[in-house]
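Letters A, B and C mark the chains as written, and numbering starts fresh at 1 in each.
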């Protein structure tokens, strides 16, 4: 089904609607960045970019787009990795970065109400000032909250605190037909029919437009201590992860990292990592309210690691030390990017008990497929990020080997009871893999849901499960 | 001798008093408030506590020194191989101002080798006497002989005040001399004022600049202070000379050293943007890669480095190690000039601690203006070439 | 080789404020940590020990809680530690502090090498190390950015000067103040922390010193006196300049001059060398 080609008349209407020249960008006013997201593999320009300021504006845009069959693509900070915010059918791109106000901090209900364009780092800093804590902690701190909700972003603290979904209590949504409505609210419990709010979370902007979010907050833990644990081999390190989970000590994060990725980060940041004795590390984080409390928490895990053959357990208990480790960890994606010509990513998630098997497998297929793969990830929640690197390969060889590697990785993940994406989403780039991994009935339901919300398929077409 | 006496009967609420102490040095033991070794004698408890609860007692005052026996303000001439560091002139200017209050002479102390010629230069800045120690052992800075000369000078001339530039050399030499003279030394003063009783009021930042402290040296001479470069104003060089050069001698055996200079290696230009004092940052407003040469030249003229934002690094115009931002490097320069930088939060997170931020951008609504101290709304292609021209003109002049 | 490292416990956060009305100092929590600059000195000591053998001791001055930073040094690999703690040491300025530490060092015996961090994050003076070396009558080198060679009679290091590095050999016993980033400090080890849990920390008071005259310690031994503390002038200026490119450039030039960014470079020779270097870079690229 075809869409209407966006023309001068449409532009004139939208300009009249917004009445602010600087918020309506067309033609060569549209920066190159709007044509792709953080991994530029999926690329397509919108015809117009509108920097909206209110749900009302979005509602009017949706009504007009519906009437004229013009596709609309929502976009936050553009930090996605799977092309979910790329305008595959061109048309209108709705940029929410100006809707970046914190509307209400409700200390009686421990909630905060924000507009979708508030950045994760801004939200975190704001609530911290009030001794409160928004636990989801995806690596990309300059992503918008709207984007985080749309992909159900996870991040490093998922082991203990869960993911974005666990902190979204209510959403104001503009539906594809332009209606503005609410799902959920400031209620801790809710058994009132289908949970449409949960349906919106992770829908990657295909069902409706998030214009406000009520988020749940926790009291801020006062003390954070990380343990950097060197192991004699990667195998020993990751074999310890299921043991840590079983020990019930509940770290906030369990990450694994390898020497070569650390070296990329050292090079990228120009800072040396505080330990060099090993090729493989686990990085664990614990939080609590006093040093003593946190020490009690990690003590058992430290002993366990040593029993499992760790070379040592190193303690990071000050701001400087935390920075020397986590700054490196935070730079991994950019650092790997910098170490090759081009790359594609895999964000599969497996049951935690199989993390070690999956990591081992990732290593073995490098040889099998003859392609370089670097991986790191949230070992504690089973979410692994693997990056397939192009290096000097020709177009043809790269395409062929990359797909082969991806196929194999997803196949293995399926076999272990895993899923295609842990936190980056499906967007455009991962659609084929989703199709292969989900039962046919699930796909049918997903497409059916999409039709109920957006019968004309105006909102963010060609994403997730769409044929 | 001074001490604090706690009068338990005058404390209505012990916890409230304890909470007053900024150093956490008070605690309650067996129902009594006691002061522990964390005490810094700030006397906050005396001033802000309940009336009479903590008493400050200065008992058996030691003998007062005779301040009239110490006269003059001396500036240590900081140099490497005879090249006088400009902080020296700034301090001479300050010394003259301070000396005006108490009508004292201003001296310069110059130690080195083959410096007799250079010492004359100091007479153009209004020093009354330049004391010169010119010996082969003093060719390079070495802590032991330099301290010995400084001591020799102080014992002979008895200046009331000693000012030293807080340079690499000054920061080692001044404390060594202060300990030898068993006197006070205040580091990195930002304000100096002379009192009529010849006590020097010294103001310096502490706790990373979060508080300022006003310090005096009431009963010791000389009183010593170090001051960083570019804190005080340099005086104009005068055409005529004034004052005199006083050659000094010191016995050879005092000039022994346990430190031997083996080699002097020229340092490479600062490679890392993290350590640069001055940064020129190129953003997307720069139209082509070649235009970076202009900004590189500007950075060079200001003695700094060129850095960039993420889009430029991603376009390959500059290496990723020159990229500032959340996913790049964090910088804290004294001066930052952003050129055509829009100010995405990604970037701002890596730079907002610069002391002086100048932002050049055509768009008056550019987010970078929220962070900048000076917002220059204009075209970089008009502003930067003109600025470079002016900087070059200054250098030529 | 006997190495001693001087360390200090400092507030965890530098966020202190002075109430402008009451003059009361408000600290952001009472938590403390090891002075971050001292970590570089400990790391340097441990690396020298790893190469040359010997022992690494640490010494600190402060209240009894300061034992915590000595324990931390143990967890990094130090062999022993001493705390100088006495109410009579309170209120010490640079002179009294350095004298107390020098007395404490004497009470602990002889050392070949004493290492200090560049400065502390609370006092910020960077003077205590040099004054200790004077009291001990030993040579000292500050701004050490590199350890070149460790020999039996002395140590060769690079001292950072503006524009150049001076390579010097210092005979033992001596004191070095090391710069930040000389080495990346290691993290404390849980294993070592457990193994040194019961290790004794010697606590010395005035009574243990060779000089027991309390006039030489604490506030009484301090020539400088703090008259008052006050908040710094706030730096939240903001100016928007509009005009032609020429006007803006001229204003910028003048303001840079006022802010002293146009003054000659650090060694008085002007920044001509940097300019030449920058120009040279450009020439090379073009050719």
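In this text, a residue touches a chain if its C-beta (ideal position, glycine included) is under 8 Å from a C-beta of that chain, and two chains touch if they have at least 3 such contacts.
Small disclaimer: the values here were computed from a predicted structure and weren't measured.
The chain with its CA mean position farthest from that of subunit B is A. When every pair of chains is scored by its C-beta contact pairs, the maximum goes to B-C. We define each chain's centre as the mean of its Cα atoms; on that basis subunit A and subunit C are separated by 42 Å.
Separation between the centroids of subunit B and subunit C, computed from CA atoms only, is 15 Å.
Separating the CA-averaged centres of subunit A and subunit B is a span of 46 Å.
Residue positions of subunit B touching 2 or more other chains: there are none. Interface residues of subunit A facing subunit B in the complex, by the touch rule stated above, are 22, 33, 119, 121-122, 141-142, 268-270, 330-331, 333-334, 338. By the touch criterion given at the top, residues 227-228, 271-275, 302, 306, 312-321, 324 of subunit A touch subunit C in their complex.
Put simply, subunit C touches subunit B in their complex at residues 11, 14-18, 22-27, 30, 62-65, 85-91, 93-95, 98-99, 121-131, 133-135, 138-143, 154, 156, 158-171, 174, 177, 214-215, 218-220, 222-232, 235, 237-246, 248-250, 252-253, 255-256, 259-272, 274-275, 277-279, 281-282, 285. Across the complex, subunit A is touched by residues 12, 33-34, 36, 39, 75, 184-191, 193 of subunit C.
Across the complex, subunit B meets subunit A through its residues 272, 274, 311, 320-321, 326-329, 344-346, 349, 365.
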